[in-house]
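Chain IDs A, B, C, D and E follow the sequence of writing; residue 1 opens each chain.
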């Protein structure tokens, strides 16, 4: 896999991976000594993929997402996004990032928060208004535009932060446990919404979760990770069709994949 | 403890406490026959205030409006502006902050005679003292505030690839405002004290500091306390005003939401 | 730790400040030089002016080397026991500061405890604590001297320490009010499920939870105590200490004495803050805090 | 020994040399007194210290003592070591002030803290307004030094013959560039540096006896100081806790102070007293005192002392 | 059910419920108007019961637990614990409460945190040491006694907080989403541990969770709640045996109960 970058040029343009992680290593230097957060991570994500990352706490899921977004610089290996470096891709505004916590700015209304990236990227006033309305509708927050974050429940805040990431139509969505604090019913609902959006827009999505059913339900590719050092232990391609009603979760195929993920996870815990 | 305080209680209790102190004060002055040259009774202070409104007004204008206010806006703006500059250049931050901290440790009252020497005995030297006194709390608080964003908030801006100015305007300045107001609250009480102290080292023949020293020499302590009262009233009003604006501007901050 | 890293920027900034300072020295002191020349009827050359501005005995702004040499003369070249030594005077100020600081901590913590534990205390004391800080302490200073004199305090240390405490209790109080009320509902509820008494809640929860706030306030508070000590010496009765030296320097037309005392005060304040910061770090570590 | 606490009007300097000499040379001890000298400061009104019980006797100027008396602080002069006034107004020649007629419109530095009374009564005698109105003088509250003159912020400033005047000279301005108006010469001199006690305490015979011994020893100290100015200055320097005073300045101050002491036995000269009172009463619209004081002095102590 | 309190006296002593909630109502007065957090809640919990509470966010699970612990006072109805009022029971130190977040005191070591209730309840020094050692072993935290909370991972902190609640052997354990932030593997492990402890000690346990499998796996009784106003919509007695290996979750019985719970939950969301 290390010569992947050289062979790349020969492939047809369409199949070139959007995100190409190859031999990535990342060590944090801390007072207590170095922490090996990522070790020899290799991964290809193609256009339109929905990739889930799953693994125990501290296995480097967030770190890997941050590397992809150019928020962290790997200490080894190469990482390209659309052939660019993550930093360049970031400057080209390719990313919509949903953080582990909602992280709305408390001095802005919900509408203002969603508008924030649009202001920075210089969209016109009318366009800003139009898009804010559209994405708030998408996450079921019509009518809350003028409210402040603390006036909303945790789940609503998380939806607002998703709307914020969707507002400017980035090609790549990076979502870090976006539904962590929600109950199962709301979660199911949002899972459906995300799937719909993904099916419609052909975005590339990288998605971190702790929930095995969620990972299996959403993804075309499931990446199982393991800590100390953080590394990929399994990559599972999902055979599930793109169209996924909620009750697909009771199908034998689904349960089988879920089992494989669980086994992978358990192995990581023991290892 | 769970019961939240009503508006009425929030006013009635401190006022009641104040009245109680005044009452005890008045009684002990009368009962123990304390000489008015040492400690005047509150009633005497009240009489002094009522009887010298024009003088008190003139002093107030000289010290508060000309000295303190001018110094306050000059020092405030300078502090915030320098904070923005220092914040922009890591080099300056590393180099200037230790030096600034050294100067901030100066007991600024010691500068008052120097400022009088440099800027003359009228309000200019008072404003200079005030400006220096106000400068450091504003600088330090603004810098602290600009650094007060959490890393996720900053990372969000980075994912948008926002520039320095955009990050400043849309994230760091709003996030810094509670700190700036905190600095401003400290600054207002310092401003009054600075303006008054500076008058001790030379002044025209009006001003609150001037009056306090001269009337003290004349043993007219009722007048001294009248000025102290006016000063405390002004300081409290300024503090209240800043707190009010703060409430309006940083309504979103948890501390303002109760 | 990062001192080596930031040594270069610090030195650069200091160098820039020195250049500005020397420039200002020439500019500000030259008026006097020209005046004197005019009185003597001579016309000095520029270099004469510059050299004169560097060595006036009553400069508007002394040159840095003048301040340094005065500092050197009054610290290193004087016995510590000599009244002319700034070290001797500094120790007097330091003593006042530490008494005031101790008293301030005591008052601040006590008031905070009353405010946090009693509703009436909170409602009636807090606003007055704020108001107390808007009263110009210098105006109260003479009264404090006289009243503590009347109350039988033999030395000036008492009124000076009271003034220092007056300024230094406030930061401690504000922080401790925050700190003692920092435990969240869950932390309080936990103790309630144990059926803990208010006493236990205070000592096992509120007090330890307030420690970081307490430490954070110490630096501010010691600086305030120091300012109070200097103000006390400057205004109550110019007998001894750095504040008194500033005053005498100013009163007797010896600006160099004043400038040296001023810088000595800044250095001493810096040392105090540094020391308190160090003690704070040690205590924090001893209490299991994160090494930051 | 009897305890006596003396509150000075200002910081330790040769202005008060007699007391320090008496202390250092054991003159108080010889009178069976245990004397403590408390220096003053910018903010401390000696009268207040007296009232608060912090001292038994104080050094003060008669104008402020009389003003305090009228304001309800019953102080009484028991002795007057200073015979003449050392106060004057010192002007820069280049400012154009050469005689009192030139004052109008110019800025004059004045000490306050109760020291402004001689100036105010002089001005009202001259008929010059001091409230900043048209044709009057512009009064500046002078700080503790002579900077306003050197920085040309004022045309004239208040100086003492024994102190500030020499600071101006030391700063590099020669005497012929200055014009001085001594209050003595202008006929508005008021009595300086007397010893005052509270009226009540004089009802106590033991206290009176104590004071008589105190004044006696103090005057002996003054006599010695006037005869040995250099040693007296040394003694003062030793008592200066700030260590900021200089020998040169204090020796010169002692020399000048000796001139003001000359001719005083310690006893108050009633003629001087009357002159001071008249001057203070004549303050036009805003006199320093409004009625002739009663019992503001007693010669009893000095009489006892002379015996 | 309303006459339950009167009929109580007639029953044999053994069957008297440990926790008897009858007609409990709770309304919070807020600035925005009253919030009806609990409405006519009736519930009996017998000695040795393991009761799970499940329901969407804001349906009053935490509030109900707090009422039982005497941390909140109902505005209507009666609630007795061992025949006492909750406040009396609290003063009699009947409760071990595990909060939604670990809530360890950061200035105490793990050992110190576990010791806290023992200090307050006046156990002897040796007894304190003995018990701390015992419960830390129970939650697999031997050797971490001297560490500070921030030196442990989130999961370890949560286990420490469980140890703290177990240290003084309260009869009644109230656990509010104790495993909320843990990944599935760790969660499974802790579920097993809790079951073991419960089987051994005969404690009465009230347990809040968002996870349907967890509720079904652990409980003898599942209480499904629904919001606005917070109320109980279903109480399901579990027919599962007390002995529960992890793979019981694949049994038909298990899946059936899970379905019933999910339906109850969904109804609550719609209602």
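Definition applied: contacts are C-beta pairs under 8 Å (C-beta built on N, C-alpha and C of every residue); 3 or more make two chains touch, one makes a residue touch a chain.
Which protein is which chain? UniProt says A, E = Taurine import ATP-binding protein TauB; B, C = Putative aliphatic sulfonates transport permease protein SsuC.
None of these values were measured; they are calculated from a predicted model.
Minimum number of contact steps separating subunit B from subunit C: 1.
The chains touching subunit C as well as subunit D are B. Remark: among chain pairs B-D and C-E, B-D carries the greater number of C-beta contacts.
A separation of 84 Å divides the Cα centre of subunit D from that of subunit E. Centre-to-centre separation between subunit A and subunit E, using Cα means, comes to 34 Å. Averaged C-alpha coordinates give centres for subunit A and subunit B that are 49 Å from one another. Spacing of subunit B relative to subunit E, judged by their CA centroids, is 52 angstrom.
Multi-chain contact residues of subunit E (touching two or more other chains) are absent.
Multi-chain contact residues of subunit D (touching two or more other chains): 42-43, 45, 48, 51-52, 143-145, 147, 151.
Taken residue by residue, subunit C touches two or more other chains at 60, 138, 142, 146-147, 150, 234-235, 250, whereas all remaining positions touch fewer. In summary, the structure contains touching chain pairs A-B, A-E, B-C, B-D, C-D, C-E.
Contact residues of subunit D toward subunit B in the complex are 42-43, 45, 47-48, 51-52, 64, 67-68, 71-73, 112-116, 130, 132, 138-145, 147-148, 151, 153.
The touching residues of subunit B, counted against subunit C in their complex, run 1, 3, 5, 9-10, 13-14, 16-18, 38-39, 91-92, 94-96, 98-99, 101-103, 105-111, 113-114, 117-118, 189, 192-193, 196-197, 200-201, 208-209, 212, 216, 221, 224, 227-228, 231-232, 234-236, 238-239. Those residues of subunit A that touch subunit B in the shared complex are 66, 69-71, 90-93, 95-97, 99-101, 103, 105-107, 116-117, 119-121, 148, 150. Across the complex, subunit D is touched by residues 32, 36, 39, 57-58, 60, 82-85, 88-89, 138, 141-142, 145-147, 149-150, 234-241, 244-245, 247-254, 257 of subunit C.
Contacts from subunit E toward subunit A in the complex involve residues 56-58, 153-155, 181-186, 210-212, 262, 265-266, 269.
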